[in-house]
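Have a look at the structure that comes next, please.
So that you can tell them apart, the chains are marked A, B, C and D in the order they are listed, and the count of residues begins at 1 in each.
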Amino acid sequence: MSNTKIKAAIAGASGYTGSELARLLMQHPDVEISMITSETHEGKPFSALHPQFFGRLDMPLVSAGEVAGSDVDVIFLALPHGVSMEFAEKWAGHRAPLIDFSGDFRLGSPKTYAQWYKKEHTFAAGLETAVYGLPEIHAAAIRNARLVANPGCYPTASILALAPLVAKDLIITDTIIIDAKSGLTGAGISANATTHFSNVNDNFKAYGVTSHRHTIEIEEQCAHLCGNAVTVQFTPHLLPVDRGILATVYARPRSGIGQAEIEKLYRNYYSDQPFVRIRDENPSLKDVRGSNFCDIKPIVDTRTNRVIVLSAIDNLVKGAAGQAVQNMNIMFGRPQETGLMQIPLQP
Amino acid sequence: MSNTKIKAAIAGASGYTGSELARLLMQHPDVEISMITSETHEGKPFSALHPQFFGRLDMPLVSAGEVAGSDVDVIFLALPHGVSMEFAEKWAGHRAPLIDFSGDFRLGSPKTYAQWYKKEHTFAAGLETAVYGLPEIHAAAIRNARLVANPGCYPTASILALAPLVAKDLIITDTIIIDAKSGLTGAGISANATTHFSNVNDNFKAYGVTSHRHTIEIEEQCAHLCGNAVTVQFTPHLLPVDRGILATVYARPRSGIGQAEIEKLYRNYYSDQPFVRIRDENPSLKDVRGSNFCDIKPIVDTRTNRVIVLSAIDNLVKGAAGQAVQNMNIMFGRPQETGLMQIPLQP
Amino acid sequence: MSNTKIKAAIAGASGYTGSELARLLMQHPDVEISMITSETHEGKPFSALHPQFFGRLDMPLVSAGEVAGSDVDVIFLALPHGVSMEFAEKWAGHRAPLIDFSGDFRLGSPKTYAQWYKKEHTFAAGLETAVYGLPEIHAAAIRNARLVANPGCYPTASILALAPLVAKDLIITDTIIIDAKSGLTGAGISANATTHFSNVNDNFKAYGVTSHRHTIEIEEQCAHLCGNAVTVQFTPHLLPVDRGILATVYARPRSGIGQAEIEKLYRNYYSDQPFVRIRDENPSLKDVRGSNFCDIKPIVDTRTNRVIVLSAIDNLVKGAAGQAVQNMNIMFGRPQETGLMQIPLQP
Amino acid sequence: MSNTKIKAAIAGASGYTGSELARLLMQHPDVEISMITSETHEGKPFSALHPQFFGRLDMPLVSAGEVAGSDVDVIFLALPHGVSMEFAEKWAGHRAPLIDFSGDFRLGSPKTYAQWYKKEHTFAAGLETAVYGLPEIHAAAIRNARLVANPGCYPTASILALAPLVAKDLIITDTIIIDAKSGLTGAGISANATTHFSNVNDNFKAYGVTSHRHTIEIEEQCAHLCGNAVTVQFTPHLLPVDRGILATVYARPRSGIGQAEIEKLYRNYYSDQPFVRIRDENPSLKDVRGSNFCDIKPIVDTRTNRVIVLSAIDNLVKGAAGQAVQNMNIMFGRPQETGLMQIPLQP
């Protein structure tokens, strides 16, 4: 019945995660989008910023100030880090839970945050109570969360690749190397030298080597899984594609493990998870494009005594907006997959 | 209720239009896919051919021979031309109507077919009764059709661009030039020099100049609209993109027409059509990608005394599988847009 | 001998045409690059802006003020229009001739310039004496020019496609339609929404319909060729490729012309031109990439009574820097092809 | 003087390495291409296969049988492995030295060859005397070689990235992981599912994990450098670009090493090598595209106690045809860089 729909507010209309969230919520049977905010574009129709919505979602953008007094049921914050914690603090008293896309509430302490994000955290109480929104690992906590920190895109692909091995203490964690490759939307909608077509097209390079902020997020979640501090090597690269992350993860097993054994481990670990697909073939970006799936293939190399795990997601869906909807489903007592089971767009 | 679902058969599993049709039918609330046929891959799961369906549509492929005795409600033929007319003839007596993706039933006569397709038509009775499945023009006939000839991708974009002007007799038809550009999926899934990545990527060229088969399809439909024979110049080009067609259409108006007037003409002509969007901005491929929309912008150039119409579709959706579902909706008394209103995947 | 080398100054280091010119001059046997100017990046090595030159062209950028007192033999202006005419005026008294990449000196009168470029021309004397630098048509005048207006990229492809037909008065000029498609480098190195990767990749659209500035440039040069005013329809589109322009040109012949006849016409017209290649196959962008070639294929469509000419260039080479070097060769008495005969980079 | 030109035969005209070699030899001041062979296309002009050469290299292709009796000075074999060893044996008695592009002569023994290439080696004597053609390491042996095994593309990027560390025994070799990404031309010119545009465009995936043949080639060359057996982890991936390889190489240092120290090591090691550029910025594919450069950046991560080396080449130039020309230069007493110093094509 339409009067039981979940009324959603999207704070932050201009970026890719905001528009992707709107796309997914439009096809969710139990949600209506109540308001979308933008300070820069207030008053314009949403479709003026994202013309693919023309004729389908032309509602005018409103100021973020409208959110506090509204009767929305859930608030998605698709805002830059730093900005997000300001609004999260403002809206902490609203009856609606918050699902935050930024990096502001993902880490364990204000100190760690300051160290990796190079700015002070201004809402420590929020950071303390926030739940890390990776449903495959934290579903129980997400269910009752008031503030969900939606994971980063690289961490989603990386942690799902590592979780079975780390949780069962099967690898030597300081041998973990994550060589990750991302589509350009991960760099955002802003126009700059990094996002200029001719710097990306037919090109490829590494960036943020040794220092990317998602490193600590992966390390903290791995530590949560195994109970010990974990250090990982994380190297991101920029692909000439719009969407998708492929993480190639390497580690040394503590003791011998066979191919059949590792496959069984992964299938069991994720047996109840609708979005993790353990593949026989190598995952590819297009096999998950536009979808909330995470395709994983674990491989044992007996010659080198290593495990290699390949993991693919759409950074805008499972790495952002889709995962946020998955979290919302859990928080509102829906089956996780509600509104999220579309087939990937391929080719 | 699930027992009222339309049971669909898809004949021809290996190509892009077959897999795209499966994607769309999977998200249609009133359809279940009963069988998918393939002679080459009989027995394999559908997802073995199209791994994006892994875990979602793993049903085994069956021989086309299974269709005749089945209780399916609708049969989609996603087969090559020439092959399609054979099967259409075989299944002509089945109670289920046929929706054919090939070029076999789109033209007015076996003679014209032989002339442009360089082969004899073997099922003239089918050709005679087939309805051209462009719902924006032939909805009434489609409703009761037993055999729908789903239009070509270029004709869909071109005819929708031209229809208001041609139907109202506002242009001199022998001045019509259609300069069209298509994504690579229009060339099919077969591996050959044309579809080799390094011949397409960062490249662009024309093909089929003066002789492409879609020319006659456009001419016949324009003739239907205005009541006179029409000759058009049609030039296709190959874009380094997966999906999408942009047609840039030129014509000389019979008499002066203004920008406001042409826009009003288009908005009125398509006012009841859920999938045609008259745009203020120039259409782009990504604004319709993965969707059944056709975005159109008509422009008057008073300096040169010409009208220019820009028209964009996704060749696999509005140009093939989506249009087929739209036709099915009409034939089964559903609202045209049922299961087809997803937001385009952008970026 | 090195003391006979032509000493070249490049004014404007930051854009694509500046770097492409440097690339071509580096492989020219008779040229040495004496100075490259940039106000924004003065003092930085050239390779800091264009890292492909690292270790090969690290000379520090100097202020444009250095040009006037220098002993350079030729000055290339790779500057934006508007800026270019200021510097051209300043350097008009230098003994070195000027080759200008901007649109400032291509048109017939200050009035026309003001009309299409929306700004007053401030160096009318320059405009009056400038020679339009399309060597296939104006070689004699270029030889003695003090100021060469290097043609626009679209006009180069379009005029070379049209010249034989227009010069021989074989087509009805008001039926000329140029449907042109360009790579992204034509939009420049600036980061903005137009050049953002995710707006271009896997996408395609028209822009500047009815109003692009290159229209008048093409019209004036066609008028020069046939002796009468010419109006053309010119529609540019943006391709998801780095380099290249393909122009698809349509026109109605004055009287019947055959395929053999038109091919002979083109081969004869360009028989002495080293860079125009009359092709049997349809030209493609990659067949000319990185080279100074213009590949052309003329086609007669007897069914529609039209001629169609396909024309492909690399917009940064024959459409800019390569043509400038070709002009320089002519001005300095070298064979046109000196330093310019590299094979296109394909794939 | 033209009568001192090196007369070159290219055996194998149809692939990318053959055409790239022709491109490079065309701009070499001291070489003339005497013959190009092809069994499949005998009699056709070379430019019919590679139209970018139209008007520049239209010589008819001849049978490989023509090579034996010819007076060519050098024979390049751009043939598939397996085929190459047959012809190398046939031409072993020709006075001209052979430069082979295949994998047939790169490994240490027929046994290792059989193990990784899954076929018997039929010309063991050739394998024994062949010199591994990586000039930065084996220049002295190349100088007098009768048969040069031109290195694989991945090994070129990988070995140059590792050589300074391995040669100086600074890393624990069994911690070496090479995560490599290649453009599509590495997969060859054959049309198949792997090279179909829509499987590659906007996509990315790993292949040949744990089993790629280039693994053993890297291991043997590293063993040569350090004097001990070396095992490496090598994982190739397929990029949606035409050209280029980026290798991201990880290893654990034997003892502490600083950033300044590692940079100095690399600069010293390659101080006399014209094609290796030690970069301050991260290398990118386009910064080397079309050129013979190998751009390298070594990085120390003190947090994780690892070294990371980024290495970029054009797989068709430094990874194939360019390196072959470099070898030829050495064998014929020319400076290594003769004819090879063109600026990369960027963008």
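Going forward, a residue touches a chain if its C-beta (ideal position, glycine included) is under 8 Å from a C-beta of that chain, and two chains touch if they have at least 3 such contacts.
What you are looking at is a predicted structure, and each value in this text was computed from that prediction instead of being measured.
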| item | value |
| --- | --- |
| Same-interface partner of A-B, chosen from the options A-D, C-D or A-C, over half of the pairs matching | C-D |
| Which of B-C and B-D has more C-beta contact pairs | B-C |
| Centre-of-Cα separation between subunit D and subunit B, whole angstrom | 46 |
| Whole-Å gap separating subunit C and subunit D, where each centre is the average of the chain's CA atoms | 36 |
| Subunit B and subunit C: spacing of chain centres that average the CA atoms, whole Å | 39 |
| Sites on subunit D at which at least two other chains make contact | 16, 185, 198-199, 201-202, 240-243, 284, 286, 289, 347 |
| Touching residues (chain side subunit A, partner subunit D) in the complex | 174, 177, 179, 181, 198-199, 201-207, 209-210, 231-233, 235, 237, 239-244, 246, 248, 250, 282-286, 289, 299, 301, 303-304, 306, 308, 310, 312, 347 |
| Residue numbers on subunit B that touch subunit D, as the complex places them | 16, 184-185, 189, 191-193, 195-202, 240-242 |
| Touching residues (chain side subunit C, partner subunit D) in the complex | 16, 19, 22-23, 26-27, 50-57, 185, 201-202, 242-243, 277, 279, 281, 284, 286-291, 295, 341-347 |
